[in-house]
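Both of the next two complexes hold chain A, though its partner changes from chain B to chain C.
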Partner chain A sequence: MTFDIALWLGQDGVTNGAIYALLALALLLVFTVTRVIFVPQGEFISYAALSLALLQAGRMPGTVYVLVIGGLVAALFDGVIAVRAGAWRRLPRIVLVYLVLPLLMAAITWWAVPQKLALGWQVLIVLGLVVPLGPILYRVAYQPLASASVLVLFIVSMAAHYVLTGLGLVFFGGEGLRAPPFSDFQLKLGVLTISAQSMLVVAATLVIMVLLWLLFGRSIYGKALRATAINRTGARLVGIPTGLSGSLSFTLAAFIGAVSGVLIAPITTIYYDTGFLIGLKGFVGAILGGMGSYPLAALGALSLGLLESFSSFWASAYKEVIVFTIIIPVLVWRSLTSHHAVEDEEE
Partner chain B sequence: MKFKSWIGAGLAAAFASTAALAEITIGISIAATGPQASLGVHYKNAFELMPKTIAGEPVKFIVLDNASDATNAARNGRKLVTEDKVDVLMGSNGVPATMALAQVANESKTPLVTLSPATLSPENFNWVFIVPQPTELMMDAVAKDVKKRNLKTLGYIGFSDGWGDLVYKATESHAAAGGYRLVTNERYARNDTSVVGQVLKIIAANPDGVIVGGSGTGGALPQIALRERGYKGPIYHNHGTVNAEFIKVGGKLAEGAIAPTGPVVVADELPAGYATKALGAEFMKRYEAKFNLGRNAFAAYSYDAVLLVEAAAREALKKARPGTAEFRAAMRDALENVKNVVGTHAVYSMSPTNHNGMDERARVLVEVRDGQWRLMK
Partner chain C sequence: MRPKPAFAAFLSFMAVAPLLVPEFHVTLLNYIGLATLVTLGLVVLTGVVGLISFGQQAFVGLAAYTTAVMTTVWGISPWVTLPVALLFTLVAAMILGAIILRLSGHYLALTTIAWAIAAYYLFGKFELLGQYNGIANLPALSIFGWKLDTGAKSYYLIWVVTTAALVAAHNLLDSRSGRAIRALRFRGVMAESFGVNTAALKYLLFIYAALLAGISGWLYAHFLRLVSPGAFGVNAGIDYLFMAVIGGATQVWGAVLGATILTLLKEWLQDLLPKLFGQTGNYEIVVFGLLVLVLLHRARNGLLPVLARFLPPGPPLRIASDAAPLARRSPPAPGATLLEVRAAQKRFGGLLAVDRLSFEQKSGEILGLIGPNGAGKSTMFNLVTGVLRCDGGEILFRGERIEHLPSRDIARLGICRTFQHVNLIGNMTVLENAAIGAHLRGKQGTLAAMLRLERDEDARLLAEAAMQLKRVGLGAHLASPAGSLALGQQRVVEIARALCADPLLLLLDEPAAGLRYAEKAALADLLRKLRDEGMTILLVEHDMDFVMGLVDRLVVMDFGAKLAQGIPAEIQADAKVLQAYLGGVA
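Let's look at the complex of A and B:
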């Protein structure tokens, strides 16, 4: 291996690692706030990437149907509860959030498909289609079981993953899609040529990290999320609605997933099941970072990207084996060195 | 649901005409839904273009969906054999599902005409006839072109699954005859996000050409990465990559990609007098007119399967009536002895040791030119 090759591999690893880092942050956020190991996180990537590719090809993305039907189910859930409790005043809000907004997005998409809008608008539409899936998913799949054990929530996650992958296959088909690049610009840096796309990935990751940091450090919602993450019961005692925290964390996770999807769509071929693998690597990254600290999770994910890149050069047939077995020595080392923190009790 | 109305129509037809006693029943299991549906749809569509009678007898096609699952394929096979008493089984478009059907075929002594390649042990071989080209035959076309261009070293990158292995082995088996050496054996997964590492390794080895063992849009990732890194040599794919989606995903960087495929895909460009030109061109025209799904090799496999059954039925009908075990055995014997049956993909001549019966006329090389798969000049 020459120095040039190492540089190229490093560049590739950083680009992939940046995406994994975004996902690691989202997974960590969801896990600490709701104790959900969010397996379907990766589906947001596939949905967003495929929706963007379809919009650019002038075709209607199937995400629209998932959104409208999901909204309908969520509205039924909340509507029945509200009617039973006689809380009629809650109904307008339910209808607005779960029915009107998805239908509005569907209408916008339907109008936008033949328009061939500028890329920026298309990205906004994709975000508008994918991000609401987060809170809808939380409402339908997780909220009714919010106080269940980590294991039950994990099983729900697996179910949600299979449902979303299955829907993805139905609406996007078995073949992959790729979006055209945002820009053909390439930066020559010594032997390296860095595409605008990979610079955008790294920049977007940094921006999102800073935004998250500001959110958690400065805003009242972020502080509520942190409080819930540290102690659910305590948070509830001081008046933080934990349901809202859950919904908010899923919205953020969906947003991060959608942004990753948009970023990655022009870099590689995306299939309906690509996101799962990316999400899984983000998860491994978060575990490498100890599943508790955001900077460590990001660092773990970045190292994973580099490890993946270098192992695909040295032993491509064993790449996934290497990437996923790294978790074992790390877990052994952690369990030997760290004091076992008191896990949140099973109720 | 759909097939019930099929049976209903079939029964109605059977009752309506007393002459339809010798009806030949063909049971088909195909992945019309699920991950393999993008190919399965073509296989299934083809049955809407089939004749109403073969070898002078009415024919009934019962098409079941196995949802890309081998267990379902076996269940479909058993149902077709026991309930519908089919004379011939056909399917599927995935190798595992085909193997499951092969087991049913051998157990029930019903001839199976497969629509996907299959590698069978001798004891499972007896009742199974394979329509598509074996991978060795396809890669032989690549090896001949490599020799013609005098390429001495080839890089290989393929899926990290059975398909990647199969293409690698087929390429390796022709190495001596083609006068080349494989210098890398890199692997990637269909849904990997990057093959930069593997591509760098190939470029570092500096081979004269590269072989890609992917399929469908999955073949586009190495193609794009190699060209982006400035690789100038020829890039060969395999027959699994020849579809319109590959070109859509690959865009400009897909131009010049070379792959072997069945001649039917480029039937109208074949030289005059090519054995399968007339039939292939006519079928492609009818298929594109009816479905408008782009050119592909897959629908034509279904069509050839029915042509083979027709050729065999002409012989078997002399010995027994359809719907009986004797007829199924006669069909098996007749399929084993078909000679010079002209199909859309090949001219089939089977024998007890060769249940595929294709020769070099069954494949051509195509290349991506102006956003389309065209016959390589």
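Let's look at the complex of A and C:
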């Protein structure tokens, strides 16, 4: 391997690693706040990437239908509860949030498709379509089981993954799509050529990390999320609605998933089920970092990106095998160093 | 419990099924049988024990590829490759299990997905394994020259194996080991305190589930006579887990139900949906996902319990009253020192929960350990029972140091306990709950249980449990689910369970908490009766009235240290005790 190739692989690894790091942060956030292993994160990546590619091609993204259907189901869930409780005054808000907003988003998209808007506007539309899926998914699939054990919630995640992947196939079809690059600009640094896309990915990752840091450190919502993560019961006792914390963390996760999807849309061809593997790599990154600390999770994800990139050079056929078995030595180390007490699952 | 008529109906249906339905449906039944084997492992592993695996198809694939390579490339007989395939599965499961089972459950679930993906790519890349095309033209099995080269011929082999596995699993769960297994998910701490090595048992069951998957893989390879990576993708593993969830992951027969529903549904949907959407694809996963979501929200235990309501009830409880009684320990001489605590210390961060506490207990006495809230009583209790480890000091039982032992070894010495928060398995009968206490008095393991070679011993264990339940006055409730009893009765079941272990020292953690007046009086009578029969009892308690009328001697704790000790009358007159409890002498 020459120095040039190493640099090039390094750049590739950092670009991918930055995306894995974003995902690892989102997954860790959802896990600590809600105890959900958020496998369906991967579908948000696919949805966002495919939506962007379709918008750029002047076609209607199927995400619109998923959003409207999801909103309808969520409205039905909340509506039935409100009607049974006789709380008629809650209905206008339910209708507004779960029915009017998704339909408005659908109308905007329908109007925007033939307009061939600038990239920035298209990205905004994609975010508007994908991000609301986070809280809707939380409301429909997870909230009714919020007090269930980690393992039951894990099965819920796998079921939600099935539903969303299947719907992806229904609405996007089986073909893969790739968005055109955001910019053809390339920065030449000696032997190294850095693409605008790579720089954008790294910059976006850094910006989101800073935003998350500000959110958690400075805002009352961020503090509520941290409180819920540390102690659910305690958080509830001091008046933090833990349902809201769940909804908020899913919104953040969907936002990060959507941004990741937008960022990789021009880098690689995305199929309806590609996001699953990418999301799992975010998990591998988070596990490498110990599933407890945000900086370590980001670091773990970054190393995973580099590992993946270099193993694609040395043993390209076994790239996925290496990426997914790397957690085993890490788990061995963890299981040897952690003190294991007998744990009982909550009934 | 399996209703006999339902089982007979199942057997007769399965025996004639291939004669009644067309070949294509027999093939479907074969797929159901193969899936049932894998799902059965998951029912035990996930539903009963609470360990989730999405990676069982990797074991199926490992066994299938092992036999495929050995039979096609090297021309070895499938009957020789069976043990080899199972050995490979065993080794893989032993290594993976050793790594992962020590970590919390969600690591296992995530890791299983990771290894499933890795296995899928490995199967697809190796030249020896035929890469993504796989290996074709495997030999059909033949039994005494009779070639199983059609679906209908394979059918009987697949279903004989599957039925045998179902019956064995059913037997296993209804045994000494089975009662311990059923305690693992929600009551591991309790099981440990009665001598169950929960980590070893989980490891064993992880391997058991992998081996069932391995058997399924070997059968699959020679029934289909084609092995390719597509069959062992991530979704196959998710499907198996969903089969367990849909059928009912807490009961053996849920595996059959789940495998049947999902296999048939898949067949039907794979036919229907691509026509509906105009292109090929695995659209059925939407339906599977929705089905699982609805079930988790509406019927967490799957469909079998819903259907079981329409079946006749199981056979009534049989207790062999003529079973030979179990061997008992030789009791220590009355008045000999049984338990000795010397300067025991326990620190939680900056808090000294137990501060150089010393006391001793003589055989045959009831000793009360009392103190205000937060005095360190429960911590002291946990030090004696091995749930917590001392930071300093010694604890001796019959002159032997025990402070370094895990709770299951302490139980072995004859120290048995009850729990402050009732720790029974709600859906298991009172009799079986009590029998867990006798775990260490039996020896027969899982294999003997599957083959029903331990009926003698099991009858003796259950007879002991029945006797102890009658001794504490619960003889009328043997067959009731433990969860259906009143709290006071549940506490008494806890005592009966501890008695089943033939203890020398009985430790009771706040046994009167939450009881009504009459229940407390009955409990006090019971404890007096036990003492009169020679039992030594250490009681941690809050309720002064209850303690004062019952114990022989008291040790009073405050802020982790010993405040006073003596007979109840002395303690009641002790100024320091009154100060601690009432905040000053009036």
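Quick notes on this one:
Assume the second predicted complex is superposed on the first by the 338 of 347 C-alpha atoms of A that agree within 3 Å, B and C clash if a C-alpha of one lies under 4 Å from a C-alpha of the other, contacts with A are read in each partner's own complex, and residues count from 1 in each chain.
Methods note: a contact is a pair of C-beta atoms (placed from the backbone, for glycine too) under 8 Å apart; a residue touches a chain by one contact, two chains touch by 3 or more.
Small disclaimer: the values here were computed from a predicted structure and weren't measured.
Chain B and chain C, once both complexes are superposed via chain A, clash.
After superposition on the shared chain, chain A has more residues touched by C, the comparison being chain B against chain C.
Of the two partner chains placed by superposition, A:L91 touches none, neither chain B nor chain C. Looking at the shared chain after the overlay, A:D12 reaches chain B, while chain C stays out of its contact range. By the document's definition of touching, neither partner reaches A:L299: not chain B, not chain C. When the two complexes are overlaid on their common chain A, residue A:A112 makes contact with neither chain B nor chain C.
When the two complexes are overlaid on their common chain A, residue A:G173 makes contact with chain B and with chain C alike. Within the superposed three-chain model, A:T269 lies in touch with chain B and out of touch with chain C [touch as defined at top].
After overlaying the two complexes on the shared chain, residue contacts for A:L277 are found with chain B and with chain C alike. When the two complexes are overlaid on their common chain A, residue A:E320 makes contact with chain B and with chain C alike. In the superposition on chain A, no contact is made by A:L103 with either chain B or chain C. In this superposition on chain A, the options for chain C are 43-51, 277-285, 439-447 or 529-537, and chain B clashes with just 277-285.
Applying the stated touch rule to the two superposed structures, the overlap between the chain B and chain C interfaces on chain A comprises residues 169, 173-174, 277, 317, 320. Looking at the complex, you find that chain B touches chain A at residues 34-38, 157, 160, 185-198, 200-201, 204, 216-218, 220-221, 243, 245, 248-249, 251. Residues of chain A touching chain C in their complex: 31, 37, 141, 144-145, 148-152, 154-156, 158-167, 169-170, 173-174, 276-277, 280, 283-284, 287, 291, 317-318, 320-321, 324-325, 327-328, 331-332, 334-335, 338, 340, 342-347. Across the complex, chain C meets chain A through its residues 46, 50, 52, 54, 99-100, 102-107, 109-111, 113-115, 117-118, 121-122, 125, 185-189, 192, 198-199, 234, 238, 241-242, 245, 277, 279-290, 292-293, 296-297, 300, 426. In the complex of the two chains, the chain A residues touching chain B come out as 1-2, 5, 8-9, 12, 15-16, 19, 169, 173-178, 180, 264, 267-269, 271, 273-274, 277-278, 308-314, 316-317, 319-320.
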